[in-house]
Amino acid sequence: MKDWLTRAGMVCLGLIVLVALASVVNLAGDPDEIVGPRLAPPGPGYWLGTDNLGRSMLPRIMEGIATTLLLSSVAVLVTAALSAVLGIVAGYRGGVVNELIMRLVEVLYSFPAIVLAILVAAVFGPGQLAALASIVLVTIPLMTRLVRAAAVGVAQRDYVTAAIISGARLPRILGRHLLPNVAGTIAVQVTYALSVGIAVEGGLSFLGFGVQPPQASLGVLIQQGTTYMTAAPWMITGPGVVFVVAVLAINVVGDGLRDRFEPRQARSLV
Amino acid sequence: MRLALWWLGRAVSAAATLLGVSILIFAAVRMMPGGFAETILGPFATADQKAELADRYGLDQSVFVQYGHWLAAVARGDFGVSMISREPVVSELWARLPVTGQLTLFSVLIATLVGVPLGVLTAVRARRAAVGRLLSGLGVSVPEFVLGSLVVFLFSRYALGLPAGGYDNVRSLVLPSLVLSFFAISITARTTRDAVMGVLVEPYVTAAVARGESPWFIIRHHVLRNAAIPVVTLLATITAYLLGGALIVEYVFNLPGIGSYVVQAVGRRDYAVVQAGVLLAATVFIVLNLLVDLVVGLIDPRLGVTSKGRRA
Amino acid sequence: MTALLEVRDLAVEYDSGERRVRALDGADLTVAAGETIGIVGESGSGKSTLGSAVGRLLPSTANRVTGDVWLAGERVFDLPPAGIRRLRRERLGFVFQDPIASLDPTMRVGKQLKLVLGSKGDPLSHLDRVRLANPGRVARMYPHQLSGGMAQRVALAIAMACQPRLLIADEPTAALDAQVREEVLEVVFSVAAEAGTSIVWLSHDLTAVARRCSRVAVMYGGRVVEDGPAADVLGQPAHPYTAALARSAPAMASLGDRLSPVPGRPPVLAEASHGCAFEPRCPYAEERCAKERPELHVVRTQEALCHRATELVTAS
Amino acid sequence: MILELDNVTVTFTAGPPFRREHVHAMRGVSLYVAEGETLGLVGESGSGKTTASRVALGLQRPTAGAVRFEGKPFPKRRRELAGHMQAVLQHPHWSLNPRMRVGASVAEPLAVLGEKAPDRVHEMLERVGLEAGLATRYPHELSGGQRQRVSIARALVTRPRFLVFDEAVSALDVSVQAQILNLIKDLQREFGFSALFISHDLGVVRYIADRIAVMRGGEVVETADTATFYTAPAHEYSKRLLEAL
Amino acid sequence: QETSTTGGSTAKAGYVATVDDSLPAGGTLDVELPIDIGAATGLDPQLADVASSWQLMSLVYETLVTVGPDFAVQPALAASWENPSPTKYVFRLRDDVFFSNGRAMTADDVVGSLQRLLASQSVWRGQLGPVKSVTKVDDKTVDVELTTAYTPFLAALANVPAAVLPMKEINEKSVDVTKTMLGTGPFKVDSHRQDVSWAFGKNDKYWSDGEPRLDGVNVTIATEEAARVASLQSGKASVATLGNVDSKSMLAGASGVEVLSQATTDFYYLMLNTQVSGSKFADPRVRKAINIALDREQISSVALGGQGKPTGVTPTGLPGACDPAGLPSATAGAEEAKKLLAEAGATNLTFTLSIFSTAPAPAVAQVIQQNLEQVGITVKIEQMDEASWAGKVYGAVPATFDAALSWFAGYADAGMVTKWWNPDVAVFNKGFMKSDPALSSAIDKAVVLPAGDARTAALAEVCTKVDEDAQMLPLVTRPSTVAYRTDAASVGLYATEGYGNALRLIADFRKKSA
């Protein structure tokens, strides 16, 4: 049952993905080229204005969308994969294994994101890979916890018991029974993690650990746009609008997904 | 007796977590590129100066020895001194705690007072919840530094009546708390919505409707309590997150809080400060989780009754 | 209108987006004041839907297609929200299948009862009324600390707190074990009798229902296919389905016997059925059964929705 | 003797951290199930029936006492028992993996043994009265009765020597219940498995069991042949149970 | 009423702003700065090596001499001096100088301070030159002898590390200068919270008549630029230093805020690592090609908003500095660069440029990247936090980076910074730079020559040699921005600053009551 909002969210996401694809072929020009005066308002040749280096905002925004989308979706997929393994094992096994994994996750929780970011940048060298790993480390604890909670529920189910009675080995139980049945939770969480991932990417840029210049990402653009909020409002407007729309759309679609995976319908209280 | 045992168990688990955190952070700060020498003394420092610094803080010993010393000191309540200010880390953390503490507290309060009603509303009016869903989505979609910068700019340029920067008194924390809570409101609202929707399908809600109770009555007496558990759990997580995540707001509003202190220390590789700061965050996190367990136990008397309930 | 409850030609459909289910397909039912009536039928026959419809408690995915429900002279589906709430509060009581789940798990029993009673009532006397030993102790317990039987008594106490005219009990004992089941039913019927409350008991156990109720209505495919005095419906079913149902209960079989289940599967209607919904499983089906919706036939003391009712009864 | 429970006690710790309670789910229970026999286990809710079945299946280690399956204690590794015992559990809704086709669910015990035998799966489905075509469906596309049949097919596909039915028909309505009970009886006659049949419905147990054990508060208060039990129950509690029937 | 000096319009030559003398004295000024003093060496001015520390310390500490708006050396704690020979300086001390604890400054303090500096690990020891001895002649006279002539001596003496410390107290150990500041300057420290704030009170016995005009200065440390801008707008701060080159247009709409752009002698430079094994820049032709390809005008106009100026190794703006437009790299064209690259076999050259993320370094790096793309060189920018950057650039010998970007303080004499082009002297760049004997001797020669045409010519030669050596490539000068509220403060600011001290004239700043 999809409501109009979820549908609108999907359309927005579709458009955003299209724009990202268009940027790959530099449809609107070279995002790195200095094309005009610095901080120029929208005009011919740079329809969304120029930035503080005189580059056209339009191709930069398009590149930003592509970068951020790719980065956060890969990161979120990695997070999902890792969380799935950790969460399912913890939820199914319980006991010491659960303690161990959950403590580990707690430890990650208490680590400041910036320390993680610096460390990760040290390991991978600053750049997309480091940003990716940072996003993963920041988003992993919450998702692992939620997957675990779901897995605990699934582990109680009779079909799991039946599999145990049949003598099934751990990989089969986890892979055939738990994973498919927590996949719904993961899928829903993925959309949330995606919006968190985009936000983290922005935060990393704020602290200077985002993608490397001159590459644009929404986080970088918004961070710069914020600095130039008063002198060149067009630097924040474009990326800002895209960002808000993207995150809202992802959230709304996530909500929709959630409602789909929740078969019981709430009754009206009237 | 059992209670004591339970506490003992929790204490052991907490200690294990803290030990893990301490080992990791200890190793981590030393693994960070840019040693203390280049960073704290600058490029012009001579080899002698570096050696002296290393000697003063025992940084020339092996990491294991250092960790041992540090742990022993921590056990005595000594968290070391900052290499920059040469003041004990504890006193500076203590001085900054009120700022971050209040900031976090206010934000969590705001998040609860706004997010919970919003979540309940969007859940109850599930079919007409578009506005609520968009509103609660907005919180995640506006990065803190954007909102913070915007608020700081507007309130400082147009003298809108609230201080937008610096810390003088509690009034200085109004805007930062609002900015910080923006994100928290949104997840609180969403979690509340999920929880309430989960409760609304429960038979006891149907039973209440069947008795002819009014919606408001049902929400007040049945829904809120039962939806509280995930929300309380989340609030603890948010509190911990805000405590650490306050740093961007602290920067933008120039508040002397713990977040900015630790981040600055990270930037300078001021080891003792980073270690103490992270340990503090971990402690808060653990204590919060403990509180949540207790509160949740109070709310839901079933807790601890095992699998049974789910099976039948 | 003299009857306490009148359900006329009620059709209800669930529309879950991709699938439509017609749960009620023109159900009729009349309950007089003080009467106890059991509604039986296989899973999916529409019992719960009927019960919910009486209190306008259908989920939002359900919509009433045709028909009407009168309760104590009021048209249930035309009342404003405040009106339906008043009706539920004053005239209706509900008892559901899972007693523990229908109590708020975070609230002590006494408090829950108090919420319903308001300031005037005394929870202990109401607990006492449903024959709970030691009401003071029970009042201080949480739902999960109650046994199923206790919980169902508490639920009954809550449902009966305002002396409703009609009690709808949707499989109130399905989750209980055999012994407790009887005790609870005993309490339900005696408490209702004391208060002069009519009972509509929804169940799939024909024998159990027949033992306690004055009347039995058998549902099949969203319609009431047979309705009559309990003993007659069980003893000499007028509808072939009732007959099949009566034969399948394990308790009815003597030791060593083989059970004879109703063959085939119950229908799930997507639209109004064109003929008799039981036709595919009916040993007596003939051509018109698939094409014409059966009319009401009065057979002896019963009313049956079967083309061949009269014919078959006289034959047997 | 396929299964023996010797003086088994199971104690659970439950309750919130500050009010821990010990629940004695089983106290000194001794039971046996002979070859080819069906033991009916009845008792009120919470009397310890499910716990007994979990002990019998080796899913629950007794706090005290011994369990012997096929004359030996449970092996350390569950796999050694693969195919020897199976269970049909209470809730038809949760007994099948909703993300697995029914055929795959039935085939799972075989797959665990490393066997691939699609025809055996189909044959088994037919045996429990389902069309083989159902194998490609998902559980939510089946009715409760059909699902329970699938569970039975899964339990029987390896021709185990011992089966546990824990409230296997309680959630079904009478007419479906009858179909399943008939089916179990037929299959037992054919395959000759032993069974532990748990139910709180004396009517059902009477129909299916050879012997009956009555549990109450974690203890077995009476064991008797079905015929004897229903005509002359020895224990006070059994009498009350029967009155209710 | 009175309008204050607005920008350069009413300011005197050499100033971008001058204080309105008609304003009454008194009041406490609120200042916001981006960073606090922050080093393991604590508050010891002799060991301070960054301009941000010098700036704060200069409120408390003073030197014998100071520099004027035109970089001319002026008297400070020394009322006058003589230079009887190129290697000898005789300073006559003022007799009305008191430390803020009330004790009069003596020649012993001066001699002790300089000797302490010379014996220390300070970098500034090197900048002070070949000092042979410092001796007290009498209570008011101090003698400094050099082993060889050293023209930047006075300019080096004019900076905070050469400040006069309370040697009596230090020797008595009643004052630990790493933890407290006690000087002869216009202000004294009332309180300090590291990285949060400073409260400075007036030094009542300050020697300069009527100075300081202010009763006190409150300094707030605000790391984030947005916070400082906000404080200026709201009036929470009266004066603040800003980092963004576009501050002026960003604050354009804020009434009452004046943004001053101050030139400095500090300049950005590009490091090309020749020491790492397999260096991509071992061939001087490659380095030269890069140098040619760099468009310093564009770096200045695009990355620095037009506020920096191209510079050679002698910082543009200092007397005697060479003309960057005349350097070989500036006169050659892109074709030349491509040819050189081709000759060196370095077509399709790709290298990584390591930068710290503090603005405007990323902007400079991106323009460099664009410049070099024109001659077919691909630059990958690697941005990191300052500590990681420092670790990468200075942490290992030989250093592992390809190229890096940083800036030097330009000081107050055109010859001073050239020393860093001799790694044997500079030491810190040994990991990535090899010394060029010809360049080193040219530097030594220029440093010794007295100001005049001969020195200018020698400095020009250093410029050319650096340009050709091209291991560390001077780029553009680094602008500095100071903003203040016209309704709250009247400030003075030199047009060009050599020691990064925006608060140099603070003793004369005045407060306006709003």
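Note that the chains take the letters A, B, C, D and E in the order they are written out, and that residue 1 is the start of every chain.
Here is the rule we use: a residue touches a chain if its C-beta (ideal position, glycine included) is under 8 Å from a C-beta of that chain, and two chains touch if they have at least 3 such contacts.
Which chain is which protein? Per UniProt: A, B = ABC transporter permease; C = Oligopeptide ABC transporter ATP-binding protein OppD; D = ABC transporter domain-containing protein.
Not measured: the values here are computed from a predicted model.
Asks: Along the shortest chain of touching chains, how many steps lie between chain A and chain E?
Replies: Steps on the shortest route: 1.
Asks: Identify the chains adjacent to both chain B and chain E in the sense defined at the top.
Replies: In this structure, the chains that contact chain E and also chain B are A.
Asks: Name the chain whose C-alpha centroid is most distant from the C-alpha centroid of chain B.
Replies: The most remote chain is C.
Asks: Where are there more C-beta contacts: A-D or A-B?
Replies: When the contacts at A-D and A-B are counted, A-B has more.
Asks: Return the chain whose centre of C-alpha atoms lies at maximal distance from the corresponding centre of chain A.
Replies: Most remote chain from chain A, centroid-wise, comes out as C.
Asks: Whole-Å distance, chain A centre to chain C centre, using C-alpha means?
Replies: So the centroids are 50 Å from each other.
Asks: State, to the nearest whole Å, the distance from the C-alpha centre of chain C to the C-alpha centre of chain D.
Replies: 31
Asks: What is the distance, in whole Å, between the centres of chain C and chain E, each centre taken as the mean of its C-alpha atoms?
Replies: 90
Asks: Calculate how many whole Å lie between the centre of chain B and the centre of chain D, each centre taken as the average of the chain's C-alpha atoms.
Replies: Here the centre of chain D sits 49 Å away from the centre of chain B.
Asks: Which residue numbers or ranges of chain E touch two or more of the other chains?
Replies: Each of 226, 253, 384-385, 388 in chain E touches at least two other chains.
Asks: Multi-chain contacts in chain C: which residues touch at least two other chains?
Replies: Expected reply: 57, 60.
Asks: Two or more other chains in contact with one residue: find those residues in chain A.
Replies: Counting only residues that touch two or more other chains, chain A contributes 118, 121-122, 158, 207, 226-227, 229-230, 265, 267, 270.
Asks: Which bits of chain E are touching chain B when the two form their complex?
Replies: Residue list for chain E touching chain B: 38-42, 49-50, 121, 123, 178-179, 193-196, 220, 222-224, 226-234, 236, 253-254, 384-395, 427-428.
Asks: If you look only at chain E, which of its residues touch chain A in the complex?
Replies: 225-226, 244, 246, 249-253, 302-303, 305, 356-359, 362-363, 365-367, 369-370, 380-385, 388
Asks: What residues on chain D touch chain A, complex-wise?
Replies: 57, 59, 78-83, 85-87, 89-91, 94-100, 105, 108-109, 111-113, 151, 154-155, 158
Asks: Along chain A, where are the residues that touch chain E in the complex?
Replies: It comes out as residues 32-34, 38-39, 52-54, 118, 121-122, 125-127, 207-209, 212-214, 226-231.
Asks: Under the definition above, what is the set of chain C residues touching chain B in their complex?
Replies: Spelled out, the residues of chain C in touch with chain B are 55, 57, 60, 84-90, 92, 94, 96, 98, 101-107, 115-116, 142, 144-145, 155, 158-159, 175.
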